[in-house]
Amino acid sequence: MNYQEILDEIAQDIRPLLSEGKVADYIPALAEVKKEQFAMTLTLFDGTQISTGCSEKLFSIQSISKVFTFTQALKYYGVELYKRIGREPSGNPFNSLVQLEYEHGKPRNPFINAGAINVTDALISSAGERAYENLLTFIQSIANDKTITSDNRVATSEMQHGYRNLALANLMKSFDNLHNDTDEVVKTYFKHCAIEMNTQMLSRSMLYLANYGRDPLSNQEYISKEQAKRINAVMLTCGHYDASGDFAYRVGLPGKSGVGGGIVAVVPKQMGICVWSPGLNAQGNSLVGTKALELFTTRTGLSIF
Amino acid sequence: MNYQEILDEIAQDIRPLLSEGKVADYIPALAEVKKEQFAMTLTLFDGTQISTGCSEKLFSIQSISKVFTFTQALKYYGVELYKRIGREPSGNPFNSLVQLEYEHGKPRNPFINAGAINVTDALISSAGERAYENLLTFIQSIANDKTITSDNRVATSEMQHGYRNLALANLMKSFDNLHNDTDEVVKTYFKHCAIEMNTQMLSRSMLYLANYGRDPLSNQEYISKEQAKRINAVMLTCGHYDASGDFAYRVGLPGKSGVGGGIVAVVPKQMGICVWSPGLNAQGNSLVGTKALELFTTRTGLSIF
Amino acid sequence: MNYQEILDEIAQDIRPLLSEGKVADYIPALAEVKKEQFAMTLTLFDGTQISTGCSEKLFSIQSISKVFTFTQALKYYGVELYKRIGREPSGNPFNSLVQLEYEHGKPRNPFINAGAINVTDALISSAGERAYENLLTFIQSIANDKTITSDNRVATSEMQHGYRNLALANLMKSFDNLHNDTDEVVKTYFKHCAIEMNTQMLSRSMLYLANYGRDPLSNQEYISKEQAKRINAVMLTCGHYDASGDFAYRVGLPGKSGVGGGIVAVVPKQMGICVWSPGLNAQGNSLVGTKALELFTTRTGLSIF
Amino acid sequence: MNYQEILDEIAQDIRPLLSEGKVADYIPALAEVKKEQFAMTLTLFDGTQISTGCSEKLFSIQSISKVFTFTQALKYYGVELYKRIGREPSGNPFNSLVQLEYEHGKPRNPFINAGAINVTDALISSAGERAYENLLTFIQSIANDKTITSDNRVATSEMQHGYRNLALANLMKSFDNLHNDTDEVVKTYFKHCAIEMNTQMLSRSMLYLANYGRDPLSNQEYISKEQAKRINAVMLTCGHYDASGDFAYRVGLPGKSGVGGGIVAVVPKQMGICVWSPGLNAQGNSLVGTKALELFTTRTGLSIF
């Protein structure tokens, strides 16, 4: 299959949509990003990368970081992790406290905000103040790029408006399901979200999930086959807030979006994908990114359905 | 692959689990079913059937009927159907009124009870009193068996204890999202649930979903490719009540369970599957059935992950 | 105190407000009532009645009937009644199912719809098909008027749009907290609501609550002192849907409103009051009626605060 | 009426109940208080005090402080205060986040925790860091005792376990309905709760509410007549968490309880009352205190019903 041709066609086809959608504006540092941008990269198991658009342009990975923190916590805690966090779709807006209260402080899954904050707390419990560095090292390793870092301006900007997340953290702590200082946990969580990557790095970073937990290039096993399967399943059922079912239908691949406009996706046994375009749809997922992935699986027949 | 051997091994492996689980006891007619029963059938695109266990034994399909009613309604209404019903996971027990009230009488998806009752109402609106006959004819056609019928004893028994479902129906009607007599709608819904089939019939009936909406044997197109994709996606994200995420992980196939102990599953482009064992796990899905499917995809590598 | 003068002044003062408010329009038969009407009557312990406005004009008592059904059920069941119904404010719109589901089918108090339907069920359990006649006889007795009856047109009209109430009844039945046929219960409930009275009759009917359960004129004891106290307390804390706190502040008397525009109130040890004006405020209580009662307690110093 | 005799009889009658109830144990510093203690004081308009039990023993006023902060905020902001806080019963446990989220960060009333935290924020906005001193000065004035102060050990102890309250504060802030630093607001709120008084001081402090906002002894007007009426109405409908309706019935007086075991009550135009006994009932109100007040209004006929 001529992937370069397919990506270039997609870049052409989505052009009229670039003016639609809405850049995340609740984080001032993100609100300045220009909407009319697009990039897409595939990374194959032999390391070949096929890109279109501004695939070297860095952007804020935001909730895509939840895939990496979940990976780290699952590796460290194993199934013990599920004592403090569930694995089922939530059926509520991504930051709802209602469900968290009725379910006694146990978040539904690691991809809603409460869940990712909880996972961050677990990482701090296991690694102390090295939690962030460990995560960054892991990401640099799977993306094969030592330059990756977090944008402090974005992290600080989020912290100044992160009251909802602090409410979630304090609520979990009141149920004794969070064990470190809430301010520190939320600060670390925002630092993860503020990591900057481009579509080349992110598509590369998905290879371990496409290959049963093992990097096909370095042959390093990051997590077990079972754990990789679990992460893919959670991405498929919970990866896109309240549009996860729709994403499963349109794209048909395990994936995870972030309000920075990025979406990663996994074609099991074949490749990692990342697409980026900052305009969001009503559910908070990249509007053009979702469309591009839909066109991609339709044209390649790579949808799981 | 020697499917017969794999199925027979599975039948052997699940034997110790047959005494676990709990038969659905809120429906008196179902409570009498003996727990220690098991059957599994694969139907390939050429019509070949591979079975193990009591694959000719009829059982109540219960919520598996929701796949068929959703198919019928989608065929008739197309995307118009989504004005009255959503397509996203619900994150609440399958019969919760809370979400329905907060979302103004629009059910989250066609596989929670409110959603299936709503779909039944849509079918009555389009077919009047022929709604049930039409559905039965459709099922007989995709299962290729004219003898299939509903067990009135079960339907009546459910109606006598169906107050929660009547509450759901009346709540939707109060939001003007149900257009026929609530008693009639719920009665028809229970009649669908009380249809009796065996694993041979049910695995055969999944072929149209495994093959883009078209029966691979008769070559008849029941629904469009897009619609088949949608149904598979909804099965994957919402097919197993509050254990849909877990089923996606363990089994990795679009599927739908019923409290009668049956589970259907689809291997896109390859086969239809049905497994039956009446003991249920805490989430209301067949305990042994889930395990058997997990063993099947693990051993065949047919999981989508 | 010259009550006649005070009432006439009030009738004068509220005149500019008569065009405000909104007649209940979800019940067709009520929607036809003209808004610019007003009546108010006090009934003293010696039987003296002081009225202003159209105090002989009959109107639909609607939720005021809940005071009478609660009285009957409390008399029959005593504190046993509280096994199936609470006595605390609800803090939710008057017909919410959410709270009812989370509290397992036990309504918060007898004045929200679920509570009154539950009370009606209790009355049917104790009196069978004579439930409605018994209630009517009781009302005729305390109002001292044998002509009082129910308007079937209104009752039927409500039944045709009573899906929300049927949902409440079925939900309670699913929790085994309702013991008769839901249709019959709701039908009877609507018949109670459709009883027609005027302000003279209704103010007269409050005397037993103003006098420790005993009619000061006939000297008949309808309920115990403790029970009268309880009903007054529930009227004060739950009598006006989601504006009960505001009514307590403005008026400072135990009272109960109905969407027909009537409000009854009790001045312990002194009198019964009824005011009527069909225009409702945003919370569903008579706008002019509330204002008239506020003026009355302010001018007479009869507020409990 | 011989109040001394009545109080002494009550002290006798409640003795068998002193071993029941449960001291608040979520605040370590309160958990140490001995359960078998009781005190009750009436303060008449001429300053006469009638007491029984250990009426000089100081205890933590806890939520009784909400009456004082509400008074201060109402005095400063007038009806503007209601833009940020409601006046209706809540119908949910006193610290629920669910209602707060569904109602967009606006607490139902000033006596649930969210409401009192919100009021504290309003006081900090108007008085800055003098907020606490102002409140203390006000309390010292209405209690006529300059020695009153806060127990820092209790305040600190609460802060260490106050995650639920921090969650409430952050949630309100996320809805832009809280304007100061959440830590500072909650800290100040806990400092209010940790103020120590005895039944003599507290019954004295209720006189301004019993007398239309004006202290009958000093003749100082603290708040307007309308505001006093409002505070009394909110005490009656919302003063006792999820047992407010029951308190209205049993006691029939505006009142406010605290988990320290104190309850204040107001007999309009006659007296202020305070009772203390640290054992709590299931709803978090003083078990013996509630009983003592019930006996008092029954024997004196001072219930409003």
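In order of appearance the chains are A, B, C and D, and numbering begins at 1 in each one.
Here is the rule we go by: a residue touches a chain if its C-beta (ideal position, glycine included) is under 8 Å from a C-beta of that chain, and two chains touch if they have at least 3 such contacts.
What you see is a predicted model; the values in this text were computed from it and never measured.
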Inter-chain centre distance, chain A versus chain B - centres from mean C-alpha coordinates, in Å: 32
Gap in Å, rounded to a whole number, between the CA centres of chain D and chain A: 48
Separation of mean Cα positions, chain D and chain B [Å, integer]: 56
Residues of chain C engaged with two or more neighbouring chains: 102
Overall pattern in which the protein chains touch one another (line/ring/star/complete/other): ring
Contacting chain pairs - touch in the sense defined above: A-B, A-D, B-C, C-D
Chain D-touching residues of chain A, taken from the complex the two chains share: 96-98, 101-102, 163-164, 166-171, 173-174, 182
Residue numbers on chain D that touch chain C, as the complex places them: 87-92, 99, 108-109, 228-230, 232-234, 236-238, 242-246, 248-249, 252, 254, 268, 303-305
